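Multiple structures are listed underneath, in structure tokens.
The two complexes that follow have chain A in common; it is paired with chain B in the first and with chain C in the second.
What follows is the complex of A and B.
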């Protein structure tokens, strides 16, 4: 995909957003929502590699997200290290888990992988929820006050916003590079028809496994970034099924298997969630489920390809209509 | 010999789809597989393509034992195949479809693309290179499959009813295409129902019936073989003759 005008505008908007709203009275709130948008985009883009491009719908990406989040805070809890030191550890653990989950389940086709990811995710959530080392059901915390610059604790959301934006750029760049080369072609071929892909020499299992490992690594980074900002994680916020569902919905809303679909999904979905939460008060967490359910139904009914697909089809249609109208006027 | 299949058989949970079939193919040959529906020719075909593993027997390709190799290894070693029901990558453009094949021998995107365009030219799909595969009709899909597998540079090409469902004019074009591919030095094994195609293209024919290879020879000799006539062509005539 060639970077176009829309892409440039998107990045420009993302770059100036925190500064553009800085003068407003609600700036801290808007900047916080902005950093959540970027963070959500990272995890959705990471999910998109295996779930979108390769078409292997993981419903257990909370495993990798939680691994990243827990590792970051565990290195502080155990050894008083800054949470950022847990990032490589989280990535390594997530890649290993991806290998353990993918190796047996990718032998099978169809929905077995999705079901296996749900099962493993629940298993890990329950295990961690009963494991004192990781704070059991209560969860674990990061440093309360910054001991040095390495703790990356800021009162404002803006530094987090820019750290996350840098990581998002890295994820997008990696995905773009991947999608343009042999690996990306192989993923799309697998999504479309595994048997045909295999007949053309695509090593299907290995390619799927590599995609899952790459996806898991980036998802773990997203989990670590979440832990850095929030400074706290518990089994529900790090490993709950809603974490996985959010990635799927975000990617699917914008367009799974497209480079910027997950970013678009996040830009729409996160403010919507924040708005519903602030309007309906703290008791609104159950409403998130209803919102997700509604979005799933609308997407499945009207545009399974997501909003980017809608846009791509809608714009030429509109142009044709306008041109047709003009031609009719001239006649 | 390029391909040596020895007493290949396959059962599915007790059901014997293919009892036993042997076939040797020399480099540069065109061999036809014929037989009524359910005779076992597709099973045999898929065993050779590596899509299903034989329960019995042995398959060698250019001296290498490929009996238990997965399908992707067959492609790498030089055995290409098409599908009876064309399996296009619907959401990819034609050139992208063919590039998936091209990437097998060319790591670089540009090289894979050049190879893909070459194959689209050969199959007469060049003008539609940028269209999505889902926009193609059956004849186009059949040609796309051929372009895609040719991009993997096979030495042996297995065509599974690549000409079924085409109009007489399209069949003539397709026969020309198969001849061109053969002229490029590719050895061919074709499954085909249309006798005209087999008679014009195949130098040798293997006839299947009830899970066995029952006859082998030139197309002219095979259609005169009483066993073949009985199995494949002769039901109605025999029934009529049998009546008092």
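What follows is the complex of A and C.
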């Protein structure tokens, strides 16, 4: 996709959002929701690399998210380092895990990878939940008060918003660069027909592995950013299946395999979610996931390409209808 | 002695695993499709049994009732959802049943709440004492019934005309159509049978074990482990692997500790993928 007017407007809106709402009485709330939108977009964009572009549906990306979140807080718990120092460690661990999952399952086609991701995610969640080093079922915390600027603890959500936005820009730029080159063509070839891609000389297994490692690395960064902001992670919030669900539905709703689909999904879903949480209270979360399940199912049934695809198909169709209607009126 | 006791109850539970896993492997073998909502079907079987006992059905009637209810659900899911995503992109295939799983799990959580339930006491409660071993009557029944039905499924597929027609559709959909077989009907039947096996397994387990709406995920994962270990689409493989996993789980719970039994089983899954991804009895998987 060439950067057009819409893209420029999106980035401009994202850049000025915290400042634009700063005067409103509910500014802290809106800025907090904004930073969650950006953070959710990062993890969904990261999932999109393997799930969307390569068409290998991971249902266990919480593995990498949790790795990032736990590593960031563990370096504080173990060595009193600032959580941001855990980012490279989290990325390295996530890439290693990606290799361990991808190497055997990418030899096989189809559903093996999805089954393996969900099983490994459960395996890791249960293991961490029984491991005292990582706080077992209770979880681990970051520093309570900032000891230096490196701890990146802020009362306002605005600094987090801009840190996250910078990372989102990096993820999108990497994805765009990847999708535009030979590697992107390989990925799309694998997605539409793996056997055909292999017969044309695409190194299928290596390409899928690389895509998974890249996706895992960015997802781990998203996990670290989450841990930086929240300052706390437990097996459910870092490694639970709902963490993966959030990434999948965000990317799939906007448009899996498109550059800005996950961002669009996040802009729609996150505000809806915080609105339903504040209206319905904690009891609303169960309803949210009923709704998520329904949306995922309907998307798969009617429009696997997501809203962007729907838009691309729907607008010309509407235009034709309108033009046809006018022609009929004139006649 | 305690080890033997653990092994026996593990094998009995393994029979139930074998039962619902044959359902999953049936769909996988016929359509190259993994149902991520299979564990939720098992969970719904448990609640169907609960509702049936509330409605006054005795122990001999509620398990078939649960199986029948799930058979219908399976066929409906096929016609409403699976038929349309079957030849679509992989993304649509996986998301369809994954979304269905979430929908069923959280709707059940909303309706039945997260409390653990048990079936009311019946003729099946209590234990019997054989050869120095204590076996819960319900467990024994569940294990025996599961073993019989799983075996019946195998016979149906390999020894009857209906089974041949189903396998013909699996082999080549269009060729089967030219032979006068209606693929949609056969595949809907497969989904019905698959869901019924899950429902029956759920109802049988509900007699012996407490359950809640979130147990489905564990069963789905157990079924994945069993079918992968058993081999792509292999019903006998799934049966053997079912018993094996039940045994491993029980021994891990006894020798290492109850919290580690799932960890051991999932680790085994990863090990199988690494070492022998085609499973025990699998032809080279596609």
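Observations
As a working rule, the second predicted complex is superposed on the first by the 323 of 331 C-alpha atoms of A that agree within 3 Å, B and C clash if a C-alpha of one lies under 4 Å from a C-alpha of the other, contacts with A are read in each partner's own complex, and residues count from 1 in each chain.
Keep in mind that, in the parts below, contacts are C-beta pairs under 8 Å (C-beta built on N, C-alpha and C of every residue); 3 or more make two chains touch, one makes a residue touch a chain.
Just so you know, these numbers come straight off a predicted model, no measurement behind them.
Within the superposed three-chain model, A:201 lies in touch with chain B and out of touch with chain C [touch as defined at top]. In the superposed model, A:188 makes contact with chain B only, not with chain C. Of the two partner chains, chain C is the only one touched by A:104; chain B is not.
Applying the stated contact rule after C-alpha superposition, one finds that A:290 touches chain C and leaves chain B untouched. Looking at the shared chain after the overlay, A:122 reaches chain C, while chain B stays out of its contact range. Taking chain A as the reference, the larger set of touched residues comes from C, when chain B and chain C are compared.
In the superposed pair of complexes, A:301 makes contact with chain C only, with no contact to chain B. In the superposition on the C-alpha atoms of chain A, the part of chain A touched by chain B in one complex and by chain C in the other spans residues 191. Across the complex, chain B meets chain A through its residues 49, 51, 70-72, 74-76, 80-81, 83, 87-92, 96, 99-101, 103-104, 107, 109, 112, 148-149, 151-152.
The residues of chain A lying in touch with chain C in their complex are 51-52, 55-57, 59, 100, 104-105, 107-112, 114-116, 118-120, 122-123, 126-127, 130, 191, 241, 245, 248, 252, 256-257, 286-287, 289-290, 292-301, 304. Residue ranges of chain C in contact with chain A, taken from their complex: 28, 32-34, 36, 81, 84-85, 88-96, 98-107, 109-110, 217, 220-221, 224-225, 228, 259-260, 262-263, 266-267, 269-270, 273-274, 277, 285-286.
On the side of chain A, the complex with chain B involves touching residues 180-182, 185-186, 188-189, 191-193, 195-204.
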